[in-house]
Amino acid sequence: YGKSQKTYKLTLLQGVRGDEFYVSMACGAKAAAAKLGNVKLDVQGPQKFDASLQIPILNGIAARKPDVIMMAPTDTKALIAPMKQAKASGIKIIEVDTHVTNASISISKIASNNILGGRKAAVALAGLTGKQGEWFVMNVKPGISTTDQRQKGFELQSKTYSKVKYLGTRFDDDDPGKAASITSAQLAAHPKLNGIFGANLFSAEGAATGVRNAGKQKQVKIVGFDAGPAQVQQLKQGLTQALVAQKPYDIGYQAVQQAVNALTGKKVKGKIQTGLVIVTKANIKQPAVSKYLYKSKC
Amino acid sequence: MTENGVVLGAREIFKSFGHVEALRGASFEVRGGEVVALVGDNGAGKSTLIKILSGTLHPDAGEIRFEGRPVSIGSPTVARGMGLETVYQDLALAPELDPAANLFLGRELVRPFPLSLFGFLDKPAMRRSAAEAFSKLGVRIPSVTAPVANLSGGQLQGVAVGRAVNWASKVLFMDEPTAALGVVQAQHVLDLVRSVRDSGISVVFISHNLPQVFEVADRIEVLRLGRRVARFRASEATMDDVVAAMTGSVEQVEGTENGQGPG
Amino acid sequence: MTENGVVLGAREIFKSFGHVEALRGASFEVRGGEVVALVGDNGAGKSTLIKILSGTLHPDAGEIRFEGRPVSIGSPTVARGMGLETVYQDLALAPELDPAANLFLGRELVRPFPLSLFGFLDKPAMRRSAAEAFSKLGVRIPSVTAPVANLSGGQLQGVAVGRAVNWASKVLFMDEPTAALGVVQAQHVLDLVRSVRDSGISVVFISHNLPQVFEVADRIEVLRLGRRVARFRASEATMDDVVAAMTGSVEQVEGTENGQGPG
Amino acid sequence: MSDLEQAAATQGAPPAEARRLPRSVRWLLEAQTAWIFVVLLGMIGVFAILKPAEFATVDNFRNMAVDASSLLVIAVGMTFVIITGGIDLSVGAVLVFASIVAGKAMEAQGGNGYGTVLLGLAVALVAGLGWGLLNGIVITRSRVTPLIVTLGTLGMAEGAGLLITDVNIRSVPLKLTDSIGIGRLWGQIPYLVLIAALVTVVAAIALALTRFGRYTYAVGSNAEAARRVGVKTEQHLIKVYAISGMLSGLAGFLSLARFSTTTIGGHSTDNLQAIAAVVIGGTSLFGGIGTIVGSVVGVFIPVVLQNGFIILSVQPYWQEVAVGAVLIAAVYLDQLKRRARAQG
Amino acid sequence: MSDLEQAAATQGAPPAEARRLPRSVRWLLEAQTAWIFVVLLGMIGVFAILKPAEFATVDNFRNMAVDASSLLVIAVGMTFVIITGGIDLSVGAVLVFASIVAGKAMEAQGGNGYGTVLLGLAVALVAGLGWGLLNGIVITRSRVTPLIVTLGTLGMAEGAGLLITDVNIRSVPLKLTDSIGIGRLWGQIPYLVLIAALVTVVAAIALALTRFGRYTYAVGSNAEAARRVGVKTEQHLIKVYAISGMLSGLAGFLSLARFSTTTIGGHSTDNLQAIAAVVIGGTSLFGGIGTIVGSVVGVFIPVVLQNGFIILSVQPYWQEVAVGAVLIAAVYLDQLKRRARAQG
């Protein structure tokens, strides 16, 4: 017998599959796995960012008994029990992007801060509009922790601007068409509207389409969240004026590293904060910014 | 019972569907222990009248008297409570249920206390008595436990007749109960009509088959364009009389019957 | 035409539904220009046989000959192409369509070229000729443009009969076409059967109403428990003969007809 | 006078006042869908009175029309399907699939001219048609209920689309966005609206006036009867599902033009929205009854309600409650009026 | 021998082999749902053979059962509704509403004992019942089609819930989570599964053996006929929708226990999932036909498929394609076998 290296089975459980944020995270994870060599990585994710859809998948993964599950829990409480159960069967857990309230389950938490992201969006919008005007948030639907936090951050920050009238939040059920028609109506109702924060891809996209329909591209500034190819395209086309980008690639990369560290007995960092970047048409070419644009393919 | 022995009487009933006036002042009487035939052309309003008397439809105007008292038959449940049962022209069967279930629909037998509290069905008992009822009628049914959807037209009619006969206590309405029946089965039904009558229950027999009408009916009432146009004692009338009334070539004065005066 | 003048013949047809054997070797013949009545008890298999001959059902076994050649009637379209039309016992009407649409269903009139390319319907023409067809039949229909769903039973049957008569060119199957018809309307249909026959089209007339059968039929074939048990010349038989055959108290030897030898 | 005419004269005659009106007006009044249309007009009227300057503007109506256009295209196909007594849950997924393959095709072709745009259109239509055919063939061959079959193809189309690309395609030709996406005929009528209107009119004519439409009703009303009179019911059903698929493909192309990117994941409720629109418009889920005009009204009612409530600055949650309640009320009013009319 | 018995002896007799089997086995074989159940067992068998160590474990089955439990509760109510020929789109929204008010009530009450838990349960049930009653009353009074009414109440329940709170309530008593949420009877059977099973068994008995069940079928089979024989069809429909609402409320309470938080962002596809499960189980959307056992199988088929495919490490997108295809195939197989049996 030669000394054959052990292969580690890792699974990345995304918050929702097909979203470029998580695709980039998977890319980072795959890159780290490829670099390390002895890691077999499997990626799974629910159709929607929804705990009741994610839990069965987590259970299925746990039944397969990988060495580590790196996961983005879709709810801070709902996932506690199944995560505990997986942990009890000897699987190590790393939380990426989001986390549950019970801090003792995972060996490491790697995330960016969504409330801060929302604040940054408001700051960016303030820069674009001269800290005055009427703003609203186009959001998916209530009850999703990440987008709720972005909305909350945006709201907190907007209220610090005395000349800004905050019009509240509208929900589009993640349907860009609905987001567009809501935006049209908001524009009709509030002629002085000049700023929109689109809390996720379709919200920003629909808002931009609605503004374009109404022919008010000049007047209304839109800040989007995340920096997937579609958002970048919108930015380049001038449909949105700024994006708040997280660093999912880094999250994925770090997660695999920490996982292997844990399996090989090396030191594991309990908490890693990855930062946020504001992307605008002006800075998008700079390498320090462009490297954080999300990937659609690895 | 009442004057003339009328159990159930309708006077000047009006009923329209949209622009179609199905009944335009129709009157009708059923006396105790008789078989009265209700005849008339297609669309004369026979089925509409029966539906009104059995609580399925509500008249736009008119008076209904039962055992001498004016009544309002607001729902089929009221009619059933009064002992009136109906074989509808469209049969009113639930195609997905089996013959036994159809027979007992709305009157299910339940298991003894305490199961009765929860409405537990006594299926074997219902199946048994359904089989009995059908065999008494001479209706051949391939299986009492398969849905009635695939029965032949005649078999379906047998189920519907069986159900009504089983439950009637005062008046049995039969809207073309023999339309789809074979010769033998039709004869069974006619026998049944007579035996129901002999047990004291009145029968209203609607049919386009005049030989059958004359075979069982004691009296005949003729409806035409939503009004009663003639009444006959079956024993004193001929088929030609009835046909003449139905087609409108002769019209009796309302209230007379084969030359009898009113009252 | 062929030996004996048989237009359409079925031999030894078998058909089961699950455990129910509806036809157990039934034979049947229609000759040119005749009215042949097909009679039998409820469930004897009459409707099943007609459905097989009109392409709606497929036999499990047996042979069908049309104008002397063995044929396979694979679909209703094939049957219609051969000039066979059917009034089904369940009428086969589309309740949401109006009488004119039902009459022309599957054979719509289209507007002249170029609109015909897109299948544009010529509704006025269809409405007109439907009105004509119905008035010829004496079927009274409140409106040719309202859905048939609310017509009375007799009116529905009138629509179905009108449709089949309108299109038949060889054989017209009528499965209890008078079951729901009033005396006058039934007489209309019987007249119609005769005039169809006189125009050279054969008619297969199913009915439980033996007086009507004897009134129009040239021949009578009797089905019992899925087999043909007797054939009669109408002029030489009595009702009692037919009833006896239907009920099984007498059984003819297959192939003979009122004592005639085969051939 | 024949029996029939006599009967018509005494029983079926329209009331005197209606007889005096011109034929077209009478038709409109008697049409099945008239009342729900009146309800829609009523809503528009109320909003216009409450907020004339914001609601009743050309811009706002144009925007609402654009918002409704792609759902309208889907709802037209769904109307045919539901009239046959079926249902098509796969529309949203087929929309996404078609926009993905059309986007891919245009990306592969490169270029930024009408040629590329037409290629994309063709690919989207063919992709939609393919799924529609699959639906129709499986439904007629297997006799599995349409709900299950189209639920299955929903998953399959969605998965297949994501297998081709799991991210949104962004390099849609500018020409497409500029022409169809935001372009307007004579600077007034958005091409999106024009295309949707064209589809609707053609479909309305086909349903009301042609043999194809007649068979659609017949199959939904009594499929067995239709089969017995020689209608090729299975072939017809396949055609109907094919149309629904193809129109979903077209909607995918329109959405590509409008958003200049595929919108994966953004159409999961399209099926329910389309079904609701069709049913609001008076089409029966049990088949045999329905009109395209009704579905148009059914598409616009939720759009107008949402727009109007936002302009009235109703809180989003109250808005949901109100839309739900008004929806029921609208359909109820429609029925009430129709019944009253039937009672004469 | 009467005519009837004679006929039964010659025509309706079961084949000889079936007659020799014990009654219960015969019943199972002849039951409408037998074949789809066999299909489910087949699926489980295949996965168990492919991945015995991972799939065929007690833990895995337990997890699947827990995953299915709350949908099962909803599907049971939906079965009654669909057998009457109706539909209930509001279930998911009612679930969310019930969990919100129950959560609020428990929060207000404070405490961490069984008293608080029971209060929450009662509130959830009453809230669900309320929406169900509203559905039933509006449907029977207004005669607006159930699809529209429950679509309306969907929006209303969702909006109303969010008006109460639009952030998830997280202060659910620990007792609730510990007992019902993750507790197990004898350390083996999760209480969630137990409750769902109990509901299912009671409902199955009610549907198959009681007058209530009989009327449910009758109303769906021919409502007019049921009315004419004196069944209070409107009252019955109200009861059926009330049950569906109440079970949605129960499901909301279970989800509160399981997730220890309201899940207001989820559940938008619960209605479609429940309807699909019921239809997979052989219940006809046109009413009159269906069983609870079938719906149970219908709930489990997608759950097992997803779990099996994840354990087989099938790519997520391929999974969707496969689930869609297998779903159609399963229902097809079921029909094929049933038809073959009917042909004898």
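Letters are used for the chains, namely A, B, C, D and E, taken in the order the chains are written, and counting of residues starts over at 1 for each.
Everything below uses one rule, namely that a residue touches a chain if its C-beta (ideal position, glycine included) is under 8 Å from a C-beta of that chain, and two chains touch if they have at least 3 such contacts.
Since the structure is predicted, the reported quantities are computational estimates derived from the model, not experimental observations.
Visitor: Keeping to the contact definition above, tell me which chains border both chain C and chain E.
Guide: B, D
Visitor: What angle of turn lays chain B on top of chain C when you fit their CA atoms, given in steps of 5 degrees?
Guide: 180
Visitor: If every chain is reduced to the average of its C-alpha atoms, which one ends up farthest from chain D?
Guide: Here the answer is chain B, farthest from chain D.
Visitor: Using Cα averages as centroids, what's the distance between chain C and chain D in whole Å?
Guide: 42
Visitor: Could you put a whole-Å number on the gap between the CA centroids of chain B and chain D?
Guide: The computed centroid separation for chain B versus chain D comes out at 48 Å.
Visitor: Could you work out how far the Cα centre of chain B sits from that of chain C, in whole Å?
Guide: The answer is 30 Å.
Visitor: Using the average of all C-alpha atoms in each chain as its centre, how far is it in Å between chain A and chain B?
Guide: So the centroids are 72 Å from each other.
Visitor: Could you check chain A for residues that touch two or more other chains and list them?
Guide: Residue numbers touching two or more other chains: 17, 48, 173.
Visitor: Give the residues of chain D touching no fewer than two other chains, as numbers and ranges.
Guide: As it turns out, chain D has residues touching two or more other chains at 11-12, 162, 166, 268-269, 315-316.
Visitor: Hunt down the residues of chain C that sit against at least two other chains at once, touch-wise.
Guide: 19-20, 140, 142
Visitor: Hey, which residues of chain C end up touching chain B in the complex?
Guide: Where chain C meets chain B, its residues are 17, 19-20, 40-44, 47, 89-90, 140, 142, 150, 152-155, 158, 176, 178-186, 208-211, 243, 246-247.
Visitor: For the complex, give me every residue of chain B touching chain E.
Guide: 54, 56, 75-77, 80, 86, 88, 91-97, 101, 105-108, 110, 118-121, 123, 131, 134-135, 138-144, 146, 163
Visitor: Per the contact definition, I'd like the list of chain E residues that touch chain B in the complex.
Guide: Per the touch definition, chain E meets chain B at residues 2-8, 11-12, 206, 209-212, 214, 217-218, 220-222, 224-232, 288-289.
Visitor: Give every residue of chain D touching chain E within the complex, in rising order.
Guide: Interface residues on the chain D side: 89, 138, 142-145, 147-149, 151-156, 158-160, 162-163, 166, 268-269, 272, 275-276, 279-280, 284-286, 315-325, 327-328, 331-332, 335.
Visitor: Spell out the residues on chain D that touch chain A in their complex, using ranges where they run on.
Guide: Checking each residue of chain D against chain A gives 51, 54-55, 57, 59-60, 62-64, 66-67, 70-71, 162, 165-168, 170-171, 182, 255, 258-261, 263-269, 303, 306-308, 310-313, 315-316.
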